[in-house]
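For reference, chains read A, B and C in written order, and residue numbers begin at 1 within each chain.
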Amino acid sequence: MKTTTKQKIAFSILFLCTVMVILPVVFVLGTIIKNGWQGISWKFLTTMPKDGMRQGGIYPAIVGTLYLVSLSIVFSLPVGVMAAIYLNEYAKDNLLTRLIRLAIVNLSGVSSVVYGLFGLALFVTFMKFGVSILSGALTLAIMNLPVIITASREALAGVPYQFREVSLSLGLSRWQTIRHSVLPFAIPGILTGAILSLARAAGETAPILFTVAAFYLPNLPRSIFDQTMALPYHLYIISTQIPNIAVKTRYATAFVLVGMVFTMNIFAVVIRSRLRKKKKW
Amino acid sequence: MVENRADIQIKIKVKQLNIWFGNILALKNLSLEIYSNELLSIIGPANSGKTSFLRQLNRLNELEANFRSTGEVILDGENIQKTKLEILRKKAGMIFALPQVLPISIYDNVSYGPRMHGMREKGVLDKIVEESLEASFLWEEVKERLKESATKLSGGQQQRLCISRTLALKPEVILFDEPCSGLDPVSTAKVEESMLKLKEKYTIILVTNNTKQAARVGDRTVFFLMGELIEIDKTQKIFTAPADKRTEDYILGKFG
Amino acid sequence: MKLRLIKEFIIEKLIFLSGIASILFVILIFTFLFKEGFSFFKEISLKDFIGGKYWYPISEPERFGILPLILGSFLVTLGAIIIAVPLSIACAFYVSEVAQGKAKDILKSGIEMLAAIPSVVLGFIGIVTLVPWMKKVFNLPTGLTALSGSIMLGLMAMPTIISISEDAINAVPKSYKEGALALGATRWQAMYRVVIYAALPGIIAASMLGIGRVIGETMAVMMITGNAAVIPNTFLQPVRTLTATIAAEMGETVHGSLHYYSLFAIGIILFVSTFMINVIADIFLHRNKK
């Protein structure tokens, strides 16, 4: 067989494999849109649930998810950005730095349900925050720390080394240099990372299973010490444990969740590409 | 120009300076005196230690991971290791090989140093910006567009902007690290013109790959080779009757 | 002026603390898992725990053998690896070496989209589409099987394996490929004779990280592998994984009971295994960089 024919066959096989990866994506998203679209209405998105979730809307689940991710970013963004600053601007090439990097890789590899256990043991039980938005948000914050650190590090590394050199040669201190010659130019990348981490946090179920989530609450949460409903948990319960819910309601819930996550992702990607075009150096 | 030997003040004294980067000895046992208000040209082939020496004067070498040094550098009677970094770097400003403007306005670039060191009054800052830009012959070209981004300037203008930025901190010594290597001849001429004018008020040390430039602007010239100081003397003498054969060979272009 | 120095001092200390925060959190996770799990191992030995064939946490007498759960996790993971690794490597090669321009961008977006779908959503879609399909095609009493889980988990691991493999492939110096082409090889020959060997450590690391992700996956697998904590014989029967057990049973335990602690013990097993996989994968990635 000619070698060019062999190549054609080989490339076709590779292409087929790629199709087998992409096709399910199209299928999953297509199914959700097709079946969930009919269940979406203004009422669905903005009213409280009634009749054990068989009627009414998922408003509190949407709100609860937004509360959770907003509070979690309040914790993870400062710590994550500062950790990235440490690694990129201060850390020397020694054992401690290698350990920190190893720790970050490990945090990103821990199973989501183990984070749930951790949150239960530390925040709910030991620190006595109870099953609450606070416990859930803190757990999500630690879980998302690696995402923020990685994105921030890339953003900081993208700022040309010369900016630092110039600033230092003018007699500025290390922190002044970072604060005025590095950080302002890294903000777009950091922002992108933050939004991507929000998107991830919004879709997580296992970490919030034991730390915050409730299924059917009559009111919206009033403080961070309250429990709350949340979209991913909601989808889990209505697809596995509640019979007699209209199929389109289940699909509609999935639609809202996927919609929220994808919107955030697209937002982040758009910011990233627009700011890449505007790059001034 | 330093005419009368009785007038000479020593600005910088270097005593047996050795610099290592990891295992590489970049500068060997260097001893040297630099006089106030002179323009000292440093010439030599690549890797001769010229830039390492220059960056030692404002302690920028300390940013490198494997840097080590022995010996002393004394500025105005004080060992620079004992001087506070902030004060040292205000006293000895540096201009880099490629113009490094920050992607902010021209005004903000020049006023960057004073602002960061605490100067807030707009009136004073305006004056500093104007004086600094005039001193590098850039004022006439940019006075109408101070708010524009500095990245819009040409290479030569950007380099003169960097000079202004350094001057804004009222240094006493200016360190030029191959400042014209990225510039066209016209811009190079303008930068050299600034250097000659600045010599009246500042002490200038110029590292350059361009021997002709060294001959044009330097009062004295020093020749480095492989980390060692080979010869230092009045520019006129170095370029017409160098004492060391290696100096002569380099100037004639036989190597380097 | 003094004020600025004090402010800077505090800020730089905070930065350092944030830097070591990751290490602190890993230690914290370790500590709290072991603190709760320790109470379990006071009553049941490690040998009985790992080797025990029966998981009956709520019957009289209680049995806490996690062997069926370990085998359940193992089976589902094995199936996922078999499905995901070859497809992902093939896809990574196609996207980095064969695809061009617009098509390449679209494919990369598609893979990113796959990565963005939350696990619970894939579990939901699995329940309403894959599970009934499995039941019909294989003529089973239920479509909730290990194979269903493997398929879904394989899908979830693919973006990770693909993107890290892509990095490894792109890191292969162009000169290797160009050298082969200059000697008359076709692009395909250059790929399988040269590039794949050079990128191999990175590809292995990618696969390990993908597997690590699969082992730790909870929701999708809980929703579609059924809930039978029995030692599996085939792929076409319901199983229970370690992760699903924790997620499903924690809500039903009494705080402080042996059952409660047993779930933390399972958590320890999970944490330690993903820890080890990550360390090994990291070593491979380091080797690739050299």
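We adopt the following convention: a contact is a pair of C-beta atoms (placed from the backbone, for glycine too) under 8 Å apart; a residue touches a chain by one contact, two chains touch by 3 or more.
Nothing here was measured: the structure is a model prediction, and the numbers come from that model.
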Overall pattern in which the protein chains touch one another (line/ring/star/complete/other): line
Innermost chain by mean C-alpha position: A
Furthest chain, CA centroid comparison against chain A: B
A-B or A-C, whichever has more C-beta pairs in contact: A-C
For chain B paired with chain C, centre-to-centre distance based on mean C-alpha positions, whole Å: 56
Rounded Å distance between chain A and chain B, as computed from the means of their C-alpha atoms: 49
Length of the line joining the C-alpha centres of chain A and chain C, rounded to whole Å: 17
Chain A residues counted as touching two or more neighbouring chains: 173, 176
Residue numbers on chain B that touch chain A, as the complex places them: 58, 60, 63, 65, 85-90, 93-94, 96, 98, 100, 102-103, 112-113, 116-117, 149, 151, 162, 165-166, 169
Touching residues on chain A, where the partner in the complex is chain C: 3-4, 6-7, 10-11, 13-15, 17-18, 20-22, 24-29, 31-32, 78-80, 82-83, 85-87, 90-91, 96, 99-100, 102-107, 109-118, 120-122, 125-126, 142, 145-146, 149, 173-176, 199, 202-206, 209-210, 232-233, 235-236, 239-240, 247, 250, 254, 257-258, 261-262, 265
Complex interface listing, chain A residues touching chain B: 92-93, 162-163, 165-173, 176, 180-181, 185, 280-281
Touching residues (chain side chain C, partner chain A) in the complex: 8, 11-12, 14-23, 25-26, 28-29, 32-33, 35-36, 86-88, 90-91, 93-95, 98-99, 107, 110-114, 116-125, 127-129, 155, 158, 162, 186-189, 192, 209, 212-213, 215-219, 223, 243, 246-247, 250-251, 255, 263-264, 267, 270-271, 274-275, 277-279, 282
